[in-house]
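Take a look at the following structure, please.
Labels A, B, C and D are assigned to the chains in the order they are written; within every chain, residues are numbered from 1.
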Amino acid sequence: MNLPPDKQREMLRQMLTIRCFEERASADYHAGKIYGVVHCYIGEEAVGVCSALEQGDQIISTHRGHGHCIAKGADLKRMMAELYGRQTGYCKGKGGSMHIADFGIGMLGANGIVAGGISIVTGAGLAAQMDGKGRVAVSFFGDGASNAGPFHECLNIAATWKLPMLYICENNMYAAQTSAAETHAMPDVAGRAAGYGIPGVVVDGNDIFAIHQAAARAIARARAGEGPTLIECKTFRWRAHTERIGQPDFRTEEEIETWKRRDPIARLRGQLEAQGALTDADWQAMNKEVSATIGDAVAFAEASPFPAPEQALEDMYAA
Amino acid sequence: MRELTYAQAGVEAVAEEMRNDQRIFYMSTDPAVSLMKEFGNKRVRATPIAEGALTGIAIGAAGSGYRPIMDWRQVTFSFVAMDQIVNQAAKIHYMFGGQRTFPVLYRANVGGGTRLAAQHCQCPYSMFMNLSGLKMFLPSTPGDLKGLLKTAIRDNNPVISFESNRLLTTKGPVPDGDYAIPLGVADIKRTGSDVTVVAVAWLVHEALAAAEELAKDGISVEVVDPRTLVPLDHAAIRASVQKTGRLVVADEAGPTAGFSAEVAAVVTEDPATFARLKAPVKRVCALNVPIPYSPVLEDHVFPDRKRIIAGVREVLQGRLSDKAV
Amino acid sequence: MRELTYAQAGVEAVAEEMRNDQRIFYMSTDPAVSLMKEFGNKRVRATPIAEGALTGIAIGAAGSGYRPIMDWRQVTFSFVAMDQIVNQAAKIHYMFGGQRTFPVLYRANVGGGTRLAAQHCQCPYSMFMNLSGLKMFLPSTPGDLKGLLKTAIRDNNPVISFESNRLLTTKGPVPDGDYAIPLGVADIKRTGSDVTVVAVAWLVHEALAAAEELAKDGISVEVVDPRTLVPLDHAAIRASVQKTGRLVVADEAGPTAGFSAEVAAVVTEDPATFARLKAPVKRVCALNVPIPYSPVLEDHVFPDRKRIIAGVREVLQGRLSDKAV
Amino acid sequence: MNLPPDKQREMLRQMLTIRCFEERASADYHAGKIYGVVHCYIGEEAVGVCSALEQGDQIISTHRGHGHCIAKGADLKRMMAELYGRQTGYCKGKGGSMHIADFGIGMLGANGIVAGGISIVTGAGLAAQMDGKGRVAVSFFGDGASNAGPFHECLNIAATWKLPMLYICENNMYAAQTSAAETHAMPDVAGRAAGYGIPGVVVDGNDIFAIHQAAARAIARARAGEGPTLIECKTFRWRAHTERIGQPDFRTEEEIETWKRRDPIARLRGQLEAQGALTDADWQAMNKEVSATIGDAVAFAEASPFPAPEQALEDMYAA
């Protein structure tokens, strides 16, 4: 992979930002400052798709959406303020963790319904095709979502209409407490692509370069009008399905430990060090900076007012 | 004025708007041939049978600057798309704090009389009315349909156009030129003083026929056609009942938690209207069963002018003396 | 009597019935661990996330002699299964002329208070009430939930158990031994003479708290908990309003074409009840918006004891003199 | 194909029965004696699946259901009476053409919702598996239905749970007025099977033996506990999508004529004649018998009373 060291370091910083953001979100959730539910992406931060996108390209996410937001360039302050339920949040406190969106940067939202976003972003892909400006759209979803109807309906439509789409299945081997092995007849979701006559690619989901590369190829194909690609990233979440206390988790300690040893952040850091492109001091500095940014985001959120109760009645209809 | 069928009025509204606005495109498992011919297969898409995905695709395209129209055809087919309707279309503007507008028009045919049985004949609009975030209407005439469709296509929110199966081939006057009927404004289809009949779609025509019949007995019926279901014109309904003191709601749907229940509540929860209400409200609705196939059975299930007349007589019972008051 | 949480009562009902009847099996994207442990992964199936298919699979298995339970979990997830609910489960017995029975229990969690926002918090039960062919209930106590679930599991028709998110961890007495509560029978949770409050689920508890508060001012509130939504106990509701002359409906759902509208209609369309109605009916419901996340906003949207108190005072306004009558 | 001549003649008679039943249904529809809508199966009668099934096996059908009913052994009288909207019909007049069922013979119903039956019959397959008596269940559906969510959800579930299922896609190249070429990225629906790790077979849908054979293999597999099979039968309908007047039909005369030359009935008749297992007299006799049976069915329907209006309120709930 021949990305310039600057870009690589930027990728590392981004993964680190995701991790730190979520560590803080988890802590603040347990401290009662964030409400409802938080789904952590920790362990899956190697989201190398967005680094291959350009401005104007659009993505959609899932209930586990912080990583995609950050990778697409969302403002940490407004994200954290949303988690804190404040007026200054992305959704003015109406959405929370499962519903952060930033249409301005082409992030069409986290989504609380499994497979609920796939169709919406396919519509963004159709719009991109009709615009004719070479833009693409990206649907992120989990292994669990790949068993739901919209996956099939949209892959067929996108393949038939040759929509400029990337379907990115982040296969972390579990849907809540249920293993993919119990719910999928085949280990590879990517194998379903052939039925629609489109490429189906399996990549190491903890190798940000592998993902970036596969995404770059799919994006080129999409921009060239050749249609969608299905990319399956094999990965694993370190934490429980949600941050809620007392939820069952049937995964073994051993399985979790194995995957912790494949930490995508440690891996990229190691690669950069091996290339001589990152010193220990660089790493310390990066950690410090990232942690300061998260601190700023929290400070912003804490300083922001809650919405006024009556604001519940705002934003019902567009003018 | 020109006479068009209800179906023609619908196509005309769509075609006129599509000519004026390149951002509009149309999707359906079987679009009208005339639209396909005029606008070609990119702007009028014959889609795979995947109404769920297409309902969401419409939302996404709308959020990206287009103004899609998704024609579900029979409303019973829309249930495969219900997640996208309930959890996405209705919530997306609010949930994200109003970041984007989502101008989508959904079209759905409702009602019976077609002998197509339970999986094609249904009037489930109150299921959609219960949602927060969607606008919707159900016109009774070609002219109303065209005018409301034009407004809906220009609206920046998801709107559902419910269109009556029974009325597709009925003709009515349609004004020339460009006109639009605002959402949320009821139309008094006949004025009267003894009883208010609030009716929608086909039942408006049955109510008018009933009114004609009742007039022979000196009973004066006011027929209020809300036209829009959300937002519902509370003021017009209440004003009429304040005048007549009596309410019959005639609806092709079943009663339970239906449009008719909502109208009953809107009337009876308003102190000024309640104060003038002289008789129990009366729902004249379909029987509470899925729609059967055999004509004998189907015709028995749906309300008609006869049942409206009986309903009107019922709310007038023992109270004709009130008229003197 | 033993005290169990609402959630425990639900699991207990299912487990007891599963022990007694081998034809029962359970499907959910995340079934309760205790059920999986006791009954194994053939009778308690952790399924793919495909609630649409599974809802239909339940129907097919029921038609083939089994008695499936499909747990949709949050009711918002059931919308992906709406075709199977509306077009298949509700119609299949009638449409085929009663050839087979389809004993399926669907479970769905409803309501807010969980800070999970619009795509997880909703009270759309009136959307299901509008259908013909399904029975459904929404209990307010662990004891009611257990007794109704047992009846539902033994019923030979599709039944939906709506279960309140807010009540999952609240405790209440649950009788020992085997008991079942019939569908369609309301429970008067408190007797009173000035105003009837018809409430469901969490609002029953808020209504009881409101009644306690109002009692201090000498206002006597009767709290009627229908428990079953379909069939709704019209007689009990009407009898209570005939006694009190006033009706407040308290519901965590929005008002439009909601459960509350249906109750208002049931009361105001009945001549005997209407004749005794002394004041407008009052709906105390959620505000008409999708449910927002931030606690400040969410708490503002939902009705509570304070709003019930205000509602009761409103229907009593200027009429306290009636009490003497 | 080594089926005994008797069985072959029985298959021929069945196909002929389907055709004659529908010719009559079409005529009576146009005469105003049958209401609503009728979808004819004419040209697609080679439904060789049911001949490979045993009693106790279950099937489900679509809006185009007469052929499947007849093949599974439904009573023509009660079918015709249902079309006529009479009390003696299978559904007591409540269903009509799109909703004929006979649970007694394992026919779980025609279905007015495209792809609506796939899940229900998969539930019958699950029941068959739990019963452990080696029964199977069969889902019939069209090319159009194969693009809908339930197809995907059920194939995955059936494959994962190894349900004793046959999924039979009758690909007649059109869904109403829309060609499969416009709505499918790939010509073969069967190609989607691989994504679920199950066999996907394409057969000539106008060759009843080919279908019978493919079905027999799939049934054996299912009974052995090895799971589902997807079979795609390439076929064509001769008539318009429905019998309603004035519906668009973009298919060319030429295409229709080509397929008429592949008439599955003429084909089987020719094969039997070539084997010396059918004389012209046999064929004439068979036609006469079939036509008499249809006549009896119509007479029965016509002699049957309409339901009483109040019967609309019956059959709402099971006791």
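Throughout what follows, a residue touches a chain if its C-beta (ideal position, glycine included) is under 8 Å from a C-beta of that chain, and two chains touch if they have at least 3 such contacts.
Keep in mind it's a predicted model, so treat the numbers as computed, not measured.
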item	value
Duplicate of the A-C contact set - from B-D, A-B or C-D, the pair where over half of the pairs recur	B-D
Centre distance in Å when chain B and chain D are each reduced to the mean of their C-alpha atoms	37
Centre-of-Cα separation between chain C and chain B, whole angstrom	29
Chain C-chain D separation of Cα centroids, rounded to whole Å	41
Where chain A and chain D are represented by their mean Cα positions, the distance between them in whole Å	45
In chain C, residues with contacts to at least two other chains	47-48, 50, 52-53, 76, 80, 83, 87, 94-95, 117-119, 132-133, 289, 292
Residues of chain A touching at least two other chains	91, 93-95, 99, 111-113, 116, 147-150, 153, 156-157, 160, 182-184, 316
Chain contact graph, described as a line, ring, star, complete graph or other shape	complete
Residues of chain A that touch chain B when the two form their complex	58, 60, 89-95, 99, 101-104, 108-109, 111-113, 116, 118-128, 130-131, 137, 149-150, 153-154, 156-157, 160, 314-319
Chain B residues within the chain D interface of the complex	29-30, 33, 46-50, 52-53, 76-77, 80, 114-120, 287-289, 292-301
Touching residues on chain A, where the partner in the complex is chain D	147-153, 156-157, 159-160, 182-186, 191-198
Footprint of chain C on chain B - complex, ascending	52, 76, 79-80, 82-83, 85-87, 90-91, 94-95, 117-119, 122, 124, 126-127, 129-133, 230, 232, 253-262, 264-265, 268-271, 273-274, 279-283, 288-290, 292
In the complex with chain A, residue positions of chain B that touch it	25, 42, 47-48, 50, 52-66, 68, 83-84, 87-88, 92-103, 132-133, 135, 156-157
